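All remarks here apply to the structure that follows.
Chain lettering (A, B, C and D) follows the sequence in which the chains are written, and residue indices restart at 1 in each chain.
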Amino acid sequence: MIIQLESGASQQAIAEVEAVLSDIGYKKNEISTQFAKYWVCIGKNEFDIRRIGSLAAVSDVHRVSDSFKLVSSKWKVGPSCVDLGDGVKIGGGHFQTMMGPCSIESDAQIEETIAFLKNNNIKIMRGGVYKPRSSPYSFRGLGQDGLKIWSEIAKEAGVKIVTEVMQVSQIEAMADYVDIFQVGARNSQNFNLLDALGQVDTAVLLKRGMSGTLDELLSSAEYIFSHGNEKVMLCERGIRTYETAYRNTFDINAIPILKEKSHLPVVSDPSHGVGIRKYVSSVTLSSIMAGADAAIVEIHSCPQKAFSDGQQTLDFNQAEKLISDIDKVRKLYSEL
Amino acid sequence: MIIQLESGASQQAIAEVEAVLSDIGYKKNEISTQFAKYWVCIGKNEFDIRRIGSLAAVSDVHRVSDSFKLVSSKWKVGPSCVDLGDGVKIGGGHFQTMMGPCSIESDAQIEETIAFLKNNNIKIMRGGVYKPRSSPYSFRGLGQDGLKIWSEIAKEAGVKIVTEVMQVSQIEAMADYVDIFQVGARNSQNFNLLDALGQVDTAVLLKRGMSGTLDELLSSAEYIFSHGNEKVMLCERGIRTYETAYRNTFDINAIPILKEKSHLPVVSDPSHGVGIRKYVSSVTLSSIMAGADAAIVEIHSCPQKAFSDGQQTLDFNQAEKLISDIDKVRKLYSEL
Amino acid sequence: MIIQLESGASQQAIAEVEAVLSDIGYKKNEISTQFAKYWVCIGKNEFDIRRIGSLAAVSDVHRVSDSFKLVSSKWKVGPSCVDLGDGVKIGGGHFQTMMGPCSIESDAQIEETIAFLKNNNIKIMRGGVYKPRSSPYSFRGLGQDGLKIWSEIAKEAGVKIVTEVMQVSQIEAMADYVDIFQVGARNSQNFNLLDALGQVDTAVLLKRGMSGTLDELLSSAEYIFSHGNEKVMLCERGIRTYETAYRNTFDINAIPILKEKSHLPVVSDPSHGVGIRKYVSSVTLSSIMAGADAAIVEIHSCPQKAFSDGQQTLDFNQAEKLISDIDKVRKLYSEL
Amino acid sequence: MIIQLESGASQQAIAEVEAVLSDIGYKKNEISTQFAKYWVCIGKNEFDIRRIGSLAAVSDVHRVSDSFKLVSSKWKVGPSCVDLGDGVKIGGGHFQTMMGPCSIESDAQIEETIAFLKNNNIKIMRGGVYKPRSSPYSFRGLGQDGLKIWSEIAKEAGVKIVTEVMQVSQIEAMADYVDIFQVGARNSQNFNLLDALGQVDTAVLLKRGMSGTLDELLSSAEYIFSHGNEKVMLCERGIRTYETAYRNTFDINAIPILKEKSHLPVVSDPSHGVGIRKYVSSVTLSSIMAGADAAIVEIHSCPQKAFSDGQQTLDFNQAEKLISDIDKVRKLYSEL
């Protein structure tokens, strides 16, 4: 059971709720987010929920039988919208395309990418400054310095930034420059990182683990939310299967299922979800038809010269065609 | 290398081709289908393909490096169209929706289903008369008798039939009553069944194995084609993964990849591909946006009373809405 | 619930059992094997099993809640032993190693293999005469002629034969020459083939499907058993996973679990289970330590020249060392 | 190519090596561990390795084509041994069993476990004080306080401790109390954690990711080694597959393959590898027969009362029998 408290509830009114919880034998976890105060209450006894709902301090109350709680659509029926400011919103009927390179490489690269995005009315730029690499001998990104430069250029252009954070100690320094923190597939169950991201007010794009279940993804989102940050987006990026004809198996089923189980926005990552350039557009469009609230797509002015992962990266011509198609598909989707 | 022979080529002209093959050290497999005669030639030596192409008996010749040959788009670049007669075509720009119950149960059920299909302009009815069941104690279908009755009603209504064939010995008796033989996931590498289906002129809907790779699916299609039957359709029906939130993982990547690797039509089976009623429509529409040439969907006037698998079956209201949406999505797809 | 009938039960005594079944609302499936007559009874009502157990025609009765019935250890608690004659037994404390090439290639190959087996006291030879190939253009085995020659040589040497049967129509001709019919992974759910193998008295080695679950394997075994053939062995041969460092993932867990769930003997196939020569012996020995009742191992006098799959094939020196190690491990296993 | 430098090499002698590297166009990564100084050199040009090997500052040099380098058996052919002091060694012919509860719960639990271990000559105790939980509302361990008490009791008894570390910030405080840091499956590619563990002198037990490949596991080990810590052990703990009859699929193939690809010790974790109590012993023994250098097994005086995961936990009687069997199997293994 989740209880949302009235924002101005008196100490006495709150004590009344505590008394009822104690009476029915429920233990509460107190959660304060940037938007509200919740009690996630865990217990086993039967009781009449109207005993809670009728109390003065209680703004809302629902039973939630899922293992995840605050992110469940059993708690909040309507879709949530993550608002990045300046009119850039994701979820609840708002759709965004995020585009950019795998890695931030140079000022010139940032500038030509931003110019492309501006020309095509794309409002969020992706790019990595800290790169998870399976080999310790590989390039690991430009780091905080790269981020600062990127942020400066992007802010001037009015473009938002989404980039991966890899550890707790990076959060504070990055927070001033980032609009969306991305949690990568390998960190999808790095619970300490999730806890810490719950304590900032920046939006979080949480990727599904390489072989993460949908329930695990939702539980990871619960970590962030329950530590105080409601601005969470779920990202399907393909799962690991036996098939070797492509890089990952994009789980199209995940899109409608996540949207049904949770109120959080769902983002599709077709670049990693299929991993081969010529199929990325097809998978993007089908994910939108399945209900995705956003798509994050790798692009590069010259994929052959990209620092990494060029195989799944669209060039600007392909990206331009895709942006135009996305608009049409999204329009049809919202009319069905 | 594949050689297509001129249909009226003289013995002498053919002997000339054989002489060149012998000279370059290639071994030929002679394939006669309902449409043409091919030689699939296997060898390793380098040679100038114009030595073959310039011969009088040769209608067409291409190198095909894939493990599958005649079904490869390296052999035939444009898409193939399977023509079921009466204007019902699949592939090459033609789209069909196939609908019907999991199992054929009774005359009444057949009739109400056909009536629904006719009202909604659906031209192909699916249904099982031989059912693969993991338990030997389960209902295994109405068999040949059920098929005859069904066929009679469907023919009168001008509706085509697609149904599963499970073994070689059923083919002959079924062939007169069936428009499309379906090969189920469990028989996807039953090579003797595939050989035998190569020897009939009826179209074949070949399902991917439960954990079949795309290359295996194409090689299985090659079995049918190389035994003489060009009317083959590839069907994506979901694969087996670790995820338990649904029945199978619909592999959306497979749709554009199969269409790129092969000229054969690609059919999506979202009912098995997700296996939960409320997500079937989303997956269907996204598969069409990914480029499927047909969709096969389980419907029943009362899914709760269906003999089996009712969990993934749409009722007629859901089916009607889906048909309408399919039309819009297919229209947009063909305009992009 | 399963009832085993007394072999000489009178019509009247049997009618009494039927009357009780009818009274408690259970439907019976009558099964006659080479050894006994069973009724597999399916129903939902509660009843006192002593009402059945006390009847004169009833030799034994047990409730079996598994989806598979006659192969369940809930029906038969002790392990079954498959007796091939001449003292060659598998299961119930008897262990056998089966060895031989992937494909039967020639008389000379048969003879040198048999000589090796005789020298090393191995009593069962494996080899393929019908080969499942994913490409229709590959060598598909020497067929029935090869089998006849092989059988002649093997019989003279007192060596038993295990070989794959691929379709129903092959069974009759093969039955005279084969001691164990092998069902390959691709046919693990070819229910018509399983049905037909239930109607012969020859032992069957049933391989798990490429991505078959243990329950599916047991249900497939139930098909054979319930059609009349109790001589069934279950074979773990590796499953399909995301890992590409080897060919299949040998599922060591499957060995103790199958032995606990079923009374049937369990055979390990490490050659396909790992698929790389240098690891086959390790996997073989560990499977024996896990409780396998037999191991089936690919060997060839010259693996580099084998018709196929030489990568997973041991040469005779490796095989000799393995046989010696198997003896020691099996001895230790039986003492623990 | 990896170069190990002579420990007392002069500046000038080192400069000679640098000059050759520069000449052949190789870039070096300098690695200092607790045992030696290495240069991991990356480049593409052909050259005569004797040009390097003959230099005064060079203690050893090998080409290593694997993506992982210092952990490869191409670098170090013989097996490494991790020495925990007091005669407790793992690898290079030394075998250890690690046993203990999932979670450290209380002083009493620690004491009865240690008493059991001492009686059975087990020298390493496992247990969690920081627990990764998919739900933020679950018990997350006794933390640093629990560790201190545990360490005190264990030290007095002469028992070593292995426990999971979940984040960089915990390392310093834990290092004084821990003999082996365990990296859990969810952190197997948490590269920042791996980096940091490279900077301590404590041994590390690195678990394979839930769907980690063997190459990824070795690359993660390379992170630790290349940041300065050679005391790394690889742990197979089962992978995620489609099978639901048990918790994870223990990958028995991984044991001989890891031992062939790397010189690092390999530990088997059968408790998580199968996840069901009654099969844990079988899987343990088979992993030892496959060549594991250690096994880590969950035990509890009363598994039903364990804080978590009791389903896979052996009671003391089962553990005692297993310890006795392990001795016999290990003895046989070392004699084969």
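In this text, contacts are C-beta pairs under 8 Å (C-beta built on N, C-alpha and C of every residue); 3 or more make two chains touch, one makes a residue touch a chain.
Computed from a predicted structure; not experimentally measured.
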item	value
Distance-maximising chain from chain A - centres being C-alpha averages	C
Between A-B and A-D, the pair joined by more C-beta contacts	A-B
Length of the line joining the C-alpha centres of chain A and chain D, rounded to whole Å	33
Whole-Å separation of chain centres (CA-atom averages), chain A against chain B	38
For chain D, residues contacting two or more additional chains	211, 215, 240-242, 244
Arrangement of touching chains [line / ring / star / complete / other]	complete
Chain B residues touching chain D - in the complex, by the definition given at the top	211, 240-242, 244
Residues on chain A engaged by chain B in the complex (per definition of touch)	211, 213-215, 239, 241-246, 249-253, 255-257, 260, 273-274, 276, 278-279, 282-283, 285-291, 325, 328-329, 332, 335-336
Complex contact set, residues of chain C against chain B	29, 40, 42, 67-69, 132-137, 166-169, 186-187, 189-193, 195, 209-211, 215-216, 219-220, 222-223, 226-227, 240
